[in-house]
Structure formats: structure tokens, C-alpha cells
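Next, two complexes with subunit A in common: one pairs it with subunit B, the other with subunit C.
Moving on to the complex of A and B:
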């Protein structure tokens, strides 16, 4: 997790220098990176085509947006695209590559070992309302509030997807721009929190999920950001047969999400983008993670997006496979 | 929701008298009867059902069989649709592992529907309501037993209230 002794401004400068060179020399025609959004606690995607654009490039603690999802569209117009990849962007890249959505040769990956991105909601709860109230010092956050100064571990403020992430360093890149870090989550224990959150009866589970999913607006942002949702035509918009109406009734919301999660079974990279993008705060990641856990239990360890050659568990089988139903 | 469930599913009305209609308990045309949708693969399980019939084995009329080419032909959306439109239980039946007419269809189905069953469970379905069984064409007796057992289980559970689409419930 240590970023050497580079602070974020130095790191940003180093990244900018590397990509500027490639953009100016024509090695890439577009760079996908991040720039500041409307708020200090949000960084949004940057589509840079000139040196001037690159001046807006940032690498800070809010670059959560997974950029790989933009690649298939951009590659349809651009010759060669450069992209900054954190751990999850890199796994998303593998995911899309495995679905044959990308041409590997036309993408230049700049690897950025990721320290984990911060969750504004957690910062706000700790009293941080302005950028000036927060200073990052290595693995600590120095917080200034009315009550004085407080030092807290940075990990207390990570987005859920980052807290749970076992591979913050990119698993694929052409060029690593920053020194590698230290992962904080062991892949084998990544589901531990789920046991603590077990809901014992079907009625409790149904009450929980219907309570959450009734808020769904059917905006499909969760699908749009998902690197495992790569169908050209989604069942949600399919006309013949038509599976979903335009309403957002509970039964249709639940049908959409159950099938969305199922379509990601064995393919979901657990990047949590669905949850981060949801405008009504539905904790979508949990369902996908519960399924990933079941898949590991039944069909062996598998982490999507790690190895593009390893067949996703639902695209293969073994004759001696166990079943979750009685087979006698 | 149980009030809204009274009446009958618009598409499950009457192929067999007295079945799949009444969702109200007590009054009306008698006690509630479960509706079970069984997707049966053509080559084994459906033939098993035929054998049950020609052997004059009886099984509950609550079960509506839908013939599919292979257990792997069933799309989880079909299962969801059945629940939306009033099924109280859904069963997928296929050839025993190793015997699929298309060699590996049921191996794929085994993985898919094991995972799908877990997902439905996480989302709050009573696990008994979604089942998968292997039934060969020579197992007419097993076919009848499986259908009997599923019907009993669902009867004990009562009407399904998960994911029912209210637009499909006709007030009687």
C-alpha cells in the first residue's frame, strides 16, 4: 500500500509525463484517465486527446471509476487507446478481453498500484466536509474538525469495494508507472464478512432484499458500469420475448437483479462498480459476492478477471461435479 | 400481499379441473391448490412421464409439464416468469448425468441451476420451491414419486408470494 515516498502530486506528475509523451508521439490517440469532478471528493473520467486535456489529469484518492468499461466503445473510433488501470480496472480489462470485446493490441495499459479509494460518506461521518480538513500521510489520515486533530488509519475510510479488494495492484499492464504496493485482503478470506451478515430465514432474506430493491429506478446504471455485462442486447430491453416492462414494480425489479447477478455468475470481478454507480444506494455487491462464494464452494477457487485463459466456472463442467440439489 | 393473491393466475386457469385456480383458502371453489411448473427434457424426463402415464401410475394434477429439448434449454428467466405468473413451485427435470441426449447439456444445467438455486435462496425464496431432479425414460415410478413429493412439499409451504406480478392476477 505504500506509494514509496511519492506523494499524490508527484505521482500525478509522473503519470502525466509518461502519457503526454505517448499522446504527443502518436503512440496513442486517446488517454482514459481521471479528472476532478464537481466536488473535491469525486474524480470523474477524463478523455484526453491533447496536452491541454492532460493538464486536468489527476491521480488522487477518489479515482474509483473503472475506466475499462469505456474501452469497447472507444476502440470502435480510436486507433490506439491508452488507459490508466488500477487493480479493478485491470481485472475488468481481462474480463472484457475474455468476452472478446477488446483488441489487446490496440490498448496500452499504464498500471497504477492502487492504495484504495476513499468513501466520502465515511469521511463526512467523521466530520470532514471540506478538502482542507483532510490530509493524507502515508497510511494515515489526519483529520481536522472543530474538536481538534485526529489521526485515523486510511483503511477506515475505504469504499467497500476497495476494503474487500484482494488485488489492488494491476494484474495486467504494459508499463507500471508507480511502485507496487502491499495488498491488504487475502483472497481466501474475502467472504468472511458475509457469514457475519447471514440472514437465517427465507422471510428475512426476502424482506431485506425487497426492502432494498424496491428503491430501484430501473436506470440500469449498475449494468452500464459492469465489466461483466457485455451483451449487445440485454434481456432487460429485449423485445421478443419481452421480459421486463417499463414500470419499476418490486417483482420486476427483483427479476432484473436476480437475472443480472446470475448473468455475472463466475464472471463478476467483484469490483463493486454496480453498487458505487447506483443513485439510490442499493448494496448490490453483496448478492454478487454471495454467488461468487457459492461458486467457489461448489466448483473450486476462482477469481474472475485474474487469468483470461481460465474458463469461467459456468462455461465448463466436470462429470463428477457436486450439485446443490439431491441427485439420487 | 396475500389478499392480492386471491383469485387466479390469468395463464394458469383450468387445464385440469380444480387445479391452479383457487388461491384463496377456505371459501370459493374449495381449498387452495398449488400450481407446479415442471420443465421436463424431451429425451428422458418427459418420456419418464409418458411411462408413468402408460403404466397407469397417478401423480397430482397440480403439476403442469412443459416439454423442453434438454434441461440446459431452460433459461432462469423461464423460472422467474413462472413465479411471476403464479407458480408455487418450479421443477426442472433432465436425464441423469452422463445420459444427456446432447452429451453435456445436463452437466452444464447442473452447474447453472445449482448456482441459480443458491441465488434464489439468497434473495429469499424458500429453497423447496425451486428443484432440479434427474429422471430417466425408464423411471415412470420415479417421475410419479418426484411429482407427488414436490406437490406435498409445496402444499405444506402454502402459496408462493415471491415475485408474483399483480397484473397477472385476475380477481374472481
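Moving on to the complex of A and C:
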């Protein structure tokens, strides 16, 4: 996480300098990055086509949006697209590449080792209301509240998707713009928290997920933001045949989420954008990670989006694969 | 006359009010907050501003059935459904929720004929408004002339004072709610005759020129930029207090089933998809433009008021931070 002792402004300046050159020389026609949003704790996607646009570019602790999701559509308009990639954006890029959703040659990847993005909800709970009350010093956060100064580990305030991320450094890039960092989560122990929260019986699982999924609004933010949801027409919106009613009842919600998550089994890169995007805070990342854990237990270690040449376990067959059909 | 109840005794008040019919309160569901029928021990949150999903769902539920049908041979029987909304109380609505309701009223209630389902819920629900003690960073209702401490159209206005709630009846229905609570309520404390004034920020927006100037902006290049980051989900429309689009569907089979309506969103591709495959709003650009022009031009042209209450829900919940403040700014509605 120690970023060459560059502060974020210096890092932003370095990134801006690198991409400006490529945009002005015509090497890329569009740069996908982040710009400041409405609040200091939000950064939103930036679609930069000019030097003027690039003046708005930022790299701060709130660049959570996974940008790779925008690539397929932008590549249908633009000749060559440059994109800033964190760890999760890079794995999402691999996901799309493996699903043949984009042309590698027409994308220029600028790698950004990610320190993990901060969650405003957690900051607000700790009493941070203004940006000035929060100072980032390496792996610590210095918080100024009425009660005085408090030093806390930065990891206490990460979005859940970032706290659980074992690969904050991009796994693919053409150019790495900042020095690599130290991961804070060991890939081998990434499911430990799930084991601690096992719900052993089907009845317990059903009760828990019914409780969570009954508030689903069917807004499909989880699907729209997902780099593994690549169907041109989702089964949920198909009219002929009609698989899913439009109502917001538990039955419909459960059917949608089960199919969504199974469709991502072994393909989901665990970027957690589904959970971050959910307006009603359903713990969708846990659902995806439970399946990823099952896949590992059944087919051996596999992390989607790490290696585009390694086929997802459910898209391949080996004679030694378990054939776990129950015997009557 | 101002009445007063200790916060610690609110549960008793809820018990009394829920005897009449469903009592809707903002209930925590994980990190989310929605108006739901109260039951004993439910996690009520009357402090957080604002609920994640707007209070519109009390009157325009996510899903609501019209009737059941049953068929035997050549006979088709329609069966009405149980009237669950009778004598309901909606407790804890904010001033912006009530402004949103005014906007829905023009669409569903003040029409000839009115919408039966909406009308029934509206007429049978007494509303207890709750003043905001402190606006959230997302709030900008003052821009629309809303006073967060004084809600229009409520039966009862409540506001926090010390360790409890002051209650002031505004209508006969409000008086009736107060008298039903009986001895649970005390006389209001001296110096608490009115809720304290609260004002929100406005993000430096000005509304002059909207909607008149928008007629010429339909083909403005600004839409080309604005839509790009939109993911095309329906989160903004479902949490919004002034979005009211719905769809009709049948659930069941040939012999038996029900016809219901449920929320729908103009942000979805199939919302305008015609039989035969034509889509008049083929891309997210047309859909984003439609949603915001509906708020800023179409609704005001028809009903005389911008269809935004400044509740801040789209500011808080859009996964890519595309919201109405950004759009108004991009259209030039900024005073700075």
C-alpha cells in the first residue's frame, strides 16, 4: 500500500501526464477514468476525449466504480480506448476478454495498484462529516472529530468489496503507472469469514436469504454493473417465453438472484460491484463468494479473471471432475 | 394544542395505532430503510433522514393486485380482493415525502376517473409527518420551497423535542389519532409550540429557465455526455418519490390467477419495446433524457411544478453518481 510516498495529488498528476500524451498523440481516442462526483466521498466515471476533460481526472480513495463494464459499448463507438484499471477492473477486463466481449488490441490498460476504496457509511459512523476531518497517512487514517484525534487502520473503513479483495494490484496492464503495493488479504484464506458464518441447514439458509432478498426492488443494478453478466438479452426481460414475472415478490426475487448468481458461478471475479450498486444493501457479494467457495472445493483452486487462458471450471470437463449426482 | 410523548413510550403508541389497521413506519432492513407495516418488536428508525425507498410505496405499492379470476368451462368469475388498506396510519413521513405524494395525487387522484386503488389507500390512510431535525448531506428540498419541519397535506405534524415527540393535529383525522392515544400523551412542554426551523443546502442550483428553456434542448449535445455513465438499472426510478410508472401483468394459468400491477422503470429497454420489435427509445441516451425531461419539463408543463422534491435519494443511491443535481447543472441551472 505504500505508494512510493506519492500523495494522491501527485499520483493523479502522474497518471494525467501519462494518459494526456497518449490521448493527444491519437494513440487512444477515449480515456476511461474517474472524476470527482457530487460529494467528496464519491468519484464518478470520466469519459475523457480532450486535454480539457483530463483536467477533471482524479485518483483518490473513492474510485470504486469498476470501469471495465463500459468497455464493450465504448469499443463499438471508439477506435482505441485507454482505461485505468485497479485490481478488480483488471480482472473484469479478463472476464470480458475470455467471454469474447472485446478486442484486446484496441484497449490500452493503465495499471493502478489499488489501496482499497473507502466506505462513506463507515466514515460517517466514525464521525467524519467533512473531507478535512480525515487525513490518510499510509496505512492509517487520522480522524479529527469533536472528541479529538483518532488513528485507525485504513482497512477498517474499506468498502466490503475492497476489504475482501486478495488482488488489489492489477493482474493485467500495458503500463503500470504507480508502484505495486502489498495485498492485505491472502487468497488462500479469503473464505475464512464465510466459514465463520456457515448456515448448515437448508432451512437456515432459506430463512436468511428470504430475509435479505424480500427487499429486492428488481431494479437490476446488480446485473447492469456486473462484468460477468454479458447476455445481450437477460432471461429476466425475455418476453417469449416469459421466465420471470415482473412483480417484486419473494418468489420472483429469489428466482432472479439464484439464476443470476449461478450464471456467474466460476466466472464471477468477486469484484463486489453488485453489492456496492444495490440500493437496498443486499449482501450479494456473499452469495457470489459462497458459490466461488463451492467451486474451489469441488474443482480445486480457481480464481476467475486471473488468467484468461485458464477456462472457468464449469466451462470445461476433466475425467476426474466430481460427478456429485445423489444416488438413490 | 401540542401533545407530547416520551420516546421510550412510542412502542405503546404504535401498539394503539396499529389496532385500527396497518401502521406504516420506517423499518430498518439491513442497511436499508423502508416504510413497512409495523409489528411488535419491529426495528423502527425515526431518526434517519431519509428512508432508502420513498414513502410512495405505502400508496403505490411495489406490487398490487386488482382482482382474481377463476374459470370453469366457459364461465369466468372475477373475485375482488381483500381491502387491506382500511384505516391505515402512515407515520414518520418527511416533508419531501408529502410533496412527492402531492405529485402522485395529480396523476392518480385528481383525474376523472381517479385511479381506484390509489384513491382507496390515499383516503383510508392518516398521515403523521415528522419534521427533520437535521438534513442529510443529500437533502436539497429547500430549493423547491419545502420546509423540512412543516409538511403540507399531513393530518398530524410531529417533531423531536428533548427525549420525545411533540404532536400537533392539523386535521380532524389528526385530532382523532391523538384522542385514541388517550393518557399516553401529555401536554406539550412550554416553548415547543412550533417545530424548529430547518433549512437545507441547494448545491448552488437555480431553477429559472426550467422548464421553458428545455424545449429547445431536446437535441442538445449535453445528453450525449450525460447518459454515458448510466448503467441502465432502475434504482433511481424505484427509490424516487415522484416516479410512478407501472406495468400490468397476469399471474396464474388458464383456470385461476390474478391481475396485478407493479412498478416499472423507463430506464429499462423493454419499457418502450413495441410488439414487432420497434423501440422508440432504443439506447440509454433516449432513456436518460426522457427520465430527466419528465422531471424537469413534461411534468411541469402538464401540472405546473418540477417533479423533484430534493429528497436526495438519487444522489445517495445511484451506483455511478449520476443524479438530478448533475443533470440540472449540466443544463445550465447553476448560479455559481
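Just so we're on the same page, the second predicted complex is superposed on the first by the 322 of 328 C-alpha atoms of A that agree within 3 Å, B and C clash if a C-alpha of one lies under 4 Å from a C-alpha of the other, contacts with A are read in each partner's own complex, and residues count from 1 in each chain.
By our rule, a residue touches a chain if its C-beta (ideal position, glycine included) is under 8 Å from a C-beta of that chain, and two chains touch if they have at least 3 such contacts.
Note that the structure is predicted; figures quoted are calculated from it, not measured.
Participant: Let me test your reading of the model: by the given contact rule, A:276 touches which partner, first (subunit B), second (subunit C), both or neither?
Facilitator: The answer is second: A:276 touches subunit C but not subunit B.
Participant: Mind working out whether A:180 is in touch with subunit B, subunit C, both or neither, as first, second, both or neither?
Facilitator: Neither partner.
Participant: Could you tell me if A:127 is touching subunit B, subunit C, both of them or neither one (first, second, both, neither)?
Facilitator: neither
Participant: For A:262 in the superposed arrangement: first (subunit B), second (subunit C), both or neither?
Facilitator: After superposition on chain A, A:262 lies in contact with subunit B alone.
Participant: So in the superposed three-chain picture, is A:166 touching just subunit B, just subunit C, both, or none of them (first/second/both/neither)?
Facilitator: neither
Participant: Which of the two partners, first being subunit B and second being subunit C, lies in contact with A:248: first, second, both, or neither?
Facilitator: Second partner only.
Participant: So in the superposed three-chain picture, is A:45 touching just subunit B, just subunit C, both, or none of them (first/second/both/neither)?
Facilitator: The answer is second: A:45 touches subunit C but not subunit B.
Participant: After lining up the shared chain so the two structures overlap, which partner does A:208 touch, if you call subunit B first and subunit C second: first, second, both or neither?
Facilitator: first
Participant: Under the stated touch criterion, which partner chain does A:72 make contact with: subunit B (first), subunit C (second), both, or neither?
Facilitator: After superposition on chain A, A:72 lies in contact with neither partner.
Participant: Where on subunit A do the contacts with subunit B and the contacts with subunit C coincide?
Facilitator: 249
Participant: Note which residues of subunit C are touching subunit A in the complex, please.
Facilitator: Within the complex, subunit C touches subunit A at residues 29-32, 34, 52-53, 62-63, 137, 203, 225, 228-229, 231-235, 237-239, 247, 249, 251, 260, 262-265, 268-270, 273, 315, 317, 319-323, 325-326.
Participant: Residue numbers of subunit B touching subunit A in their complex, please.
Facilitator: Residue positions touching the partner: 76-77, 80-81, 84, 97-98, 104, 107-108, 110-127, 131-134, 162-166.
Participant: Sort out for me which residues of subunit A touch subunit C in the complex.
Facilitator: 37-39, 42-45, 47, 65, 69-70, 121, 129, 212, 215, 217-221, 223-225, 237, 239, 245-249, 273, 276-277, 279-283
Participant: Where on subunit A is subunit B touching in the complex?
Facilitator: Residues 202-210, 235, 243, 249, 251-252, 254-255, 257-259, 261-262, 265-266, 287, 290-291, 294-295, 298-299, 313-314, 317-319, 321-327.
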